[in-house]
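The same chain A turns up in both complexes below, where it pairs with chain B and then with chain C.
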Partner chain A sequence: MPVLGRACLILALVACAYGIGASLYGARTGRREWADSGRRAVYALAGLLTVSFGVLELAFLRSDFSFATVATHSSTTTPGFYKGAAVWSSQEGSLLLWAWLLAMWSSLVLFSTRRRMRDITPYATAMLLGFGAFFCGLLVFAASPFHVLASAPAEGNGLNPLLRHPSMMIHPPMLYSGYTLFTVPFAFAVGALAARRVDAEWIRSTRRFALAAWFFLGIGILLGARWSYSELGWGGYWAWDPVENASLMPWLTGTAFLHSVMIQEKRGMLKVWNVSLVLATGVLAILGTFLVRSGILDSIHAFGASTLGKPFVAFIALLAAGSIALVVSRRDLLRTENRLDSLLSREAMFLLNNLVLVGLCFVVFWGTFFPLISEAVTGQKASVGPPWFDRYTVPLALMLVLLSGIGPVIAWRRATAANTRRNFLFPSACAALCAVALLPVHVAQKPLALCMFAFAAFVAGSIGQELVRGVRARRAMASESVPLAAVQLVRRNRRRWGGYTIHVGMAVLFVGVAASSTFQHTRDASLVPRQTVRVDGYDVRYVKATGRVADDPDGTGAFMTLGAVLDVSKGGRHVATLRPARNYYPGDPSQGTVGQYIMGDATSEVGLKAGATRDFWVAVQPDAGWLMKVVAKGNDLPPSAGGLALAAIAQRYAERPPPADFRLIASPLVTWIWLGGMIVAAGGLVALWPAPDLARRRVTASLRARVAQELGRA
Partner chain B sequence: MDALAALLVFVVLVAAVALVVAPLRRGRTERLIAAEEARREELEAAKEAKYLEIRDAEMDFRMGKLSEADFRALDRQLRAEAVEILRDLDRLT
Partner chain C sequence: MDPARKRTIRLTVALTAAVLLAGALIYTSFSASSPAKTPSQLMAGAEAGRSYQLTGKVAPGYVRRGNTLDFRVRDRSGRAAVPVRYTGTVPDPFRAGREVIVTVRKQGAGFVGERDSLVTKCPSKFTDSKRST
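Right, the complex of A and B next:
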């Protein structure tokens, strides 16, 4: 069925071109039927790309190696669960996923706003279809997922083993949902500027989509961190890798936008800032896709490298230049309606929070692109590492956490000395108490970490105080019971309380980051069975080696697994039994009878004992010299003896193991990072939960009034 | 191209064209939006924002973030602004 898939892609490109023309014609002439036809072109795009995506997905599930992309990214030995997700491990498949998600989200937003903002939506439709046209153009002319091989191979190359992790199956769709959803507020901002209607209506109508983009992108980033922690074998969750940074940048500016739009909605202020932020976020979302797909910067995501750099650069330059030109040309409309009343107000804190977030984004941008910048200036490619990022991001993160505690308790417009004292006393006491409690332990030697813990306590104190006072206020107004008052408080302002929950989650997450990065103990050791090594007061005993063939307990399709059993104890008390392993996957047959299984791809399956206060993490690497020797010997055997040779190697490894290299890490509070992420996600869901549609209520009310009027006349 | 694929492509093409051109086949021309409708949407949005501001100010006062004097002044000002918006809305009716 590659013909059907390809034909749908061509039709999708035609639908985009037609829809852009129809929408712009409708907008310029005011003819509604053309604007409606343009909107329907988006629905058609969604339908056509659904068929295309379905055809490709089916080809992967059926291991149809006549499709070039299936042959290079899947195999019959790839487990079924991973076959379905292998679609987006290929460049062509991931671009198709991008375009498909864009079309689905665009259809949803245009359907939900079909009776509103009729002057803005045709322009927004044209912009959304512009994004669609770019990606469909790439899929038709540069990276077709439906390229057919002259003769289909009997077996495919298989999915990159690093991607055979549950997080990786959900991570790309989450990131791409975030990226594509950020094009919605981008398109509506362009529409509002083009239609010269810059009131808060477009923000109100697309706010939920911006929030959903932020939510999905955040989950995607967190899943990526989890994958890095449990799959990459280096023991960390964030490496300031260009591709990680690429997803963080739009998330940071999106966070700033979600805060500053509240000021425009309430006070009619910061219009230029908000429009600029959302346009920058849209451009950064495309930049993020470009960084993953271009291979322009060295990254652990080397599987993403391709030759699509030039069209992406041209598209990003067009978006950036167009955005700037549009904002400059409409600057007269974007005048603020109000002024900042006081520097001690919630507006001022929001502004400061925005500056910190944009500052963080700039630091990440500079550090990410430094290799290109240095090459352009000095002719030599130099890169900056985690210490450089930490120098700038740690103080900014501290400010951000502190502000997330100040924002909720400070009043809009102007805070007086009396209410400032009243509102800040309890959170400040929480922070001071936390700092004093931690002083006797060794935390005091790390002032930045101590500040982070104290600021997190400040956040917890301020949100807790808000909740108690809010419940009291509701009880005074409506005489409700405490639980009912708490539920009603959240129900009546889900956005606010969802946001407060997110603040608490972020504080918990930052506590985890500060503790695990500051107080981590790492030890690299080469051990033979029955040897013991000590890490952070834990005794780790290498009990025995293990070897298995075609029996991967994690179901990733590994051909051979060499591992270890470790006993972890503290003060003679057993803490955990860990089983780290190294998985080996079939590679290039030209590397010999045994070499093809051992010299190909290999991944670490870490041994992890996660706890509320401490994680114990171990990765193992069998001795490389020993492996080279067995490969040299095994390669003398005929190809038909490969399976038996591997079984013998695994058995030999388990019975008489050579020394193995271990990385052992004891990290405090890593679990808090994932817990904080879950709290943030819960807060996001509370904020996203749909409230009754005001517009629908307005329409219903006006129709009722009309019915009553006409009945009265009769 | 086999016959089944050709048939499926044809069906998809017809469905897409039918979906997209349906509004053009209505046989009548409608204006996209009247200036009055745009102004009404703008005022409705401003009204909702002002009401939200009034409710938030009251909640801030009840939670001790505003003194009584500040709240009274702010509430008076916000309500006056809301009245202006409602007057503008009435003029459109």
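Right, the complex of A and C next:
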């Protein structure tokens, strides 16, 4: 079986090489059959990688420990669902997932564009196969998932317990879908520049792929934040960790691109800027993929040094240099058709939005790579922490939210005093009202948070105003009922209304972030049962301790769970009963009779009461010193008594627990972050959904492009 | 003023602002950063009161007393070991042999860890070595 998997990878590499040759030959000579053959090589790549991935996945599900990867990342005690997902917890498996997703998305894209943009697609095919060749090359020569062990061990290492959470399992596929989808606009940009066809048709298609990539990457990032909050024992959702930042950077430039491309479509401006953004996004996506697995930066995600560093750096350098060379050599194609008329116009707001987003990306980039930069400059590796990041990203985020409210209602080309008054009155009133309403609630002490809330109200006001005006206009035209008018309004301009929904979602998300980071109350307490502690007006009583063995209440394969039952009330009224716990996982037999069952890793099961206005979060840490003493005593017993000793420990903990350390956090509006994210996702789907007249628009766009080209103005 | 001149002025102003902001950012990053040091580097010379980012492996034999954790961080190659007294959240993967990053300040003969600054790197998922205690 491993032989089949490896053979498919080698064939995949061959298919990539063939496809690159065929596509480029087809592009240069104009012979369509060769270009088509190159496209079919992508389909072949997808098929081969599906088989390869299937072989590996099957090996994990069957716990076939002759596969080295399976033996080091799974075990018979890993629950079924996590066995399947353990494939991508390993270096090799995650590379294979990346390559597989690249092949699948590329096939989908090339299939849907098989009859269009015939000048560009061969070059794009070659570029996509270039990516495929790089990753298949790594899989064949550097990190093979099909390495076979001389003698298969009886039991594997098991999946890291920290990863045994549903969010953590969808998080990589979502992220990788985002990364791989961003290579598509990159490839099409390279193709368009190479074929000298940077026109309306290219823009329209590229935008769609970029939106899909942005959508998946955004969901991946949000899932990571959600996992961090609800699973890790620190109670936060974003740590400005290098790997988190690496996924955020292409998302920021991708967002910038999605906006600036509208200016190119409407007014033929910012062409150099647009292609540069697309190319930069693609390079950043590969950079992000590289950062996770290279070990060059210290991170909680850091997975130690690996041998893949050099090939990746070389590849990224090649992509960056090639992109710059391509843009410079085609700059005559990218001359702007129009110029900025006024700073008070929608174009100017879009430009400003782009500058803010690119600025944010620069801040994140600088902070993330600072250890390497400082080492190069001063010889000393130094790093910057979250306070530094917050200092620069908070003002930029405020500007971003404000712009997202101004953009939709300011006029194109030049805003006059009259239409400014008409459009801005209501949203400004909303913002002012919000600010005034929040003053008595002690928000004024935190001016930045107050600004964020006011700006979010501005956004809600401006988009609400647009909705009301649009519905009113439809009703006047077609005398539809209000709900139908709203639906028709969205249907006829999905892009705009998807975008507006996303803006509202982002505003909600930022409100959640601002509130939960500014007005959080944290308390650390060491408690024994029947003690009470007070946090932000909440009374928390430690009711009793719990100890369970071989129960595995969360389905993660934990052998022992020690926890607490907490009663949370406010003003005498019961709010929630929380059950934070600590899961203990098996180690190896050398750790002793009792130790082998529970001295492996440990994870926190967080007790969380989420609410519309406030989240109450609590994590418990049973006294580790006490546990180690008891385990040491248990290790004196013969191996056969292990299970009984474990049960006794759990019971002893439940009846006479030592003081346990609790971390209690009351954060307002955390739910708004997840809610905002869902609104953004819904908006993304609306924007992505094919419009009813897509075919017509496509044809007119390509005709327009042809005419423009003939007139020498493409 | 003709449009071309207006545009040039706008561009100049924008570029100047960008350069100034970038400059401020770069300047503060150098002063706001904590140098990363290994245990042997820290033992060789550490100023009292200055914060450093200590990276290394947790040496076996750490003691937890309530909210306080007393542990030693040693070099990857295993020579020097620095004692750290830390208060705050201890990440789940923390145990002897794991790589950690913690912000510390020199106090007397030992080092005090900054609250909640302890980060434990995910145990080697991407290497071939078998898991060790």
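FYI, the second predicted complex is superposed on the first by the 685 of 714 C-alpha atoms of A that agree within 3 Å, B and C clash if a C-alpha of one lies under 4 Å from a C-alpha of the other, contacts with A are read in each partner's own complex, and residues count from 1 in each chain.
Quick note on the criterion: contacts are C-beta pairs under 8 Å (C-beta built on N, C-alpha and C of every residue); 3 or more make two chains touch, one makes a residue touch a chain.
Since this is a predicted model, take the numbers as computed values, not measurements.
Visitor: Of the two partner chains, chain B (first) and chain C (second), which one does A:V3 touch, if any: first, second, both, or neither?
Guide: first
Visitor: Between chain B and chain C, whom does A:N157 touch in the aligned arrangement: first, second, both, or neither?
Guide: A:N157 sits against chain C, while chain B stays out of touch.
Visitor: For A:V328, select first, second, both or neither according to whether it touches chain B, chain C, the two together, or no partner.
Guide: Neither chain B nor chain C is touched by A:V328.
Visitor: According to the stated criteria, A:L318 is in contact with first (chain B), second (chain C), both, or neither; which is it?
Guide: Neither: A:L318 stays clear of chain B and chain C.
Visitor: Looking at A:A478, would you say it contacts chain B, chain C, both, or neither? Reply first, second, both or neither.
Guide: Neither: A:A478 stays clear of chain B and chain C.
Visitor: Once the structures are superposed on A, label A:L425 by its partner contacts, choosing first (chain B), second (chain C), both or neither.
Guide: Neither partner.
Visitor: Quick one: is A:A41 in contact with chain B, with chain C, with both, or with neither? Answer first, second, both or neither.
Guide: first
Visitor: Mind listing the chain C positions that touch chain A in their complex?
Guide: Interface residues on chain C, with respect to chain A: 3, 7, 10, 14, 18, 21-22, 25-26, 28-30, 32-36, 53, 55, 63-67, 88-93, 95, 99, 101, 103, 116, 119-128, 130-131, 133.
Visitor: Looking at the complex, which residues from chain A come into contact with chain B?
Guide: That would be residues 1, 3-4, 7-8, 11, 15, 18-19, 22, 26-27, 30-37, 40-41, 43-44, 47-48, 51, 116-119, 122, 197, 199-201, 204, 265-266, 409-416, 418-419, 422-423, 466, 469-470, 472-473, 476-477, 694, 698 of chain A.
Visitor: List the residues on chain B that touch chain A in their complex, please.
Guide: So the residues of chain B in touch with chain A come to 1-2, 5-6, 8-9, 12-13, 15-16, 19-24, 26, 28-33, 37-38, 41-42, 44-46, 48-49, 52-53, 56-57, 59-60, 62-67, 70, 74.
Visitor: Under the definition above, what is the set of chain A residues touching chain C in their complex?
Guide: 68, 72-73, 89-91, 157, 160-162, 232-234, 293, 295, 298-304, 306, 339-340, 343, 355, 359, 362-363, 366-367, 370-371, 374, 378, 380-385, 387-388, 391-392, 524, 526, 587-588, 590-591, 599, 601-604, 621, 623-625, 659, 661, 663
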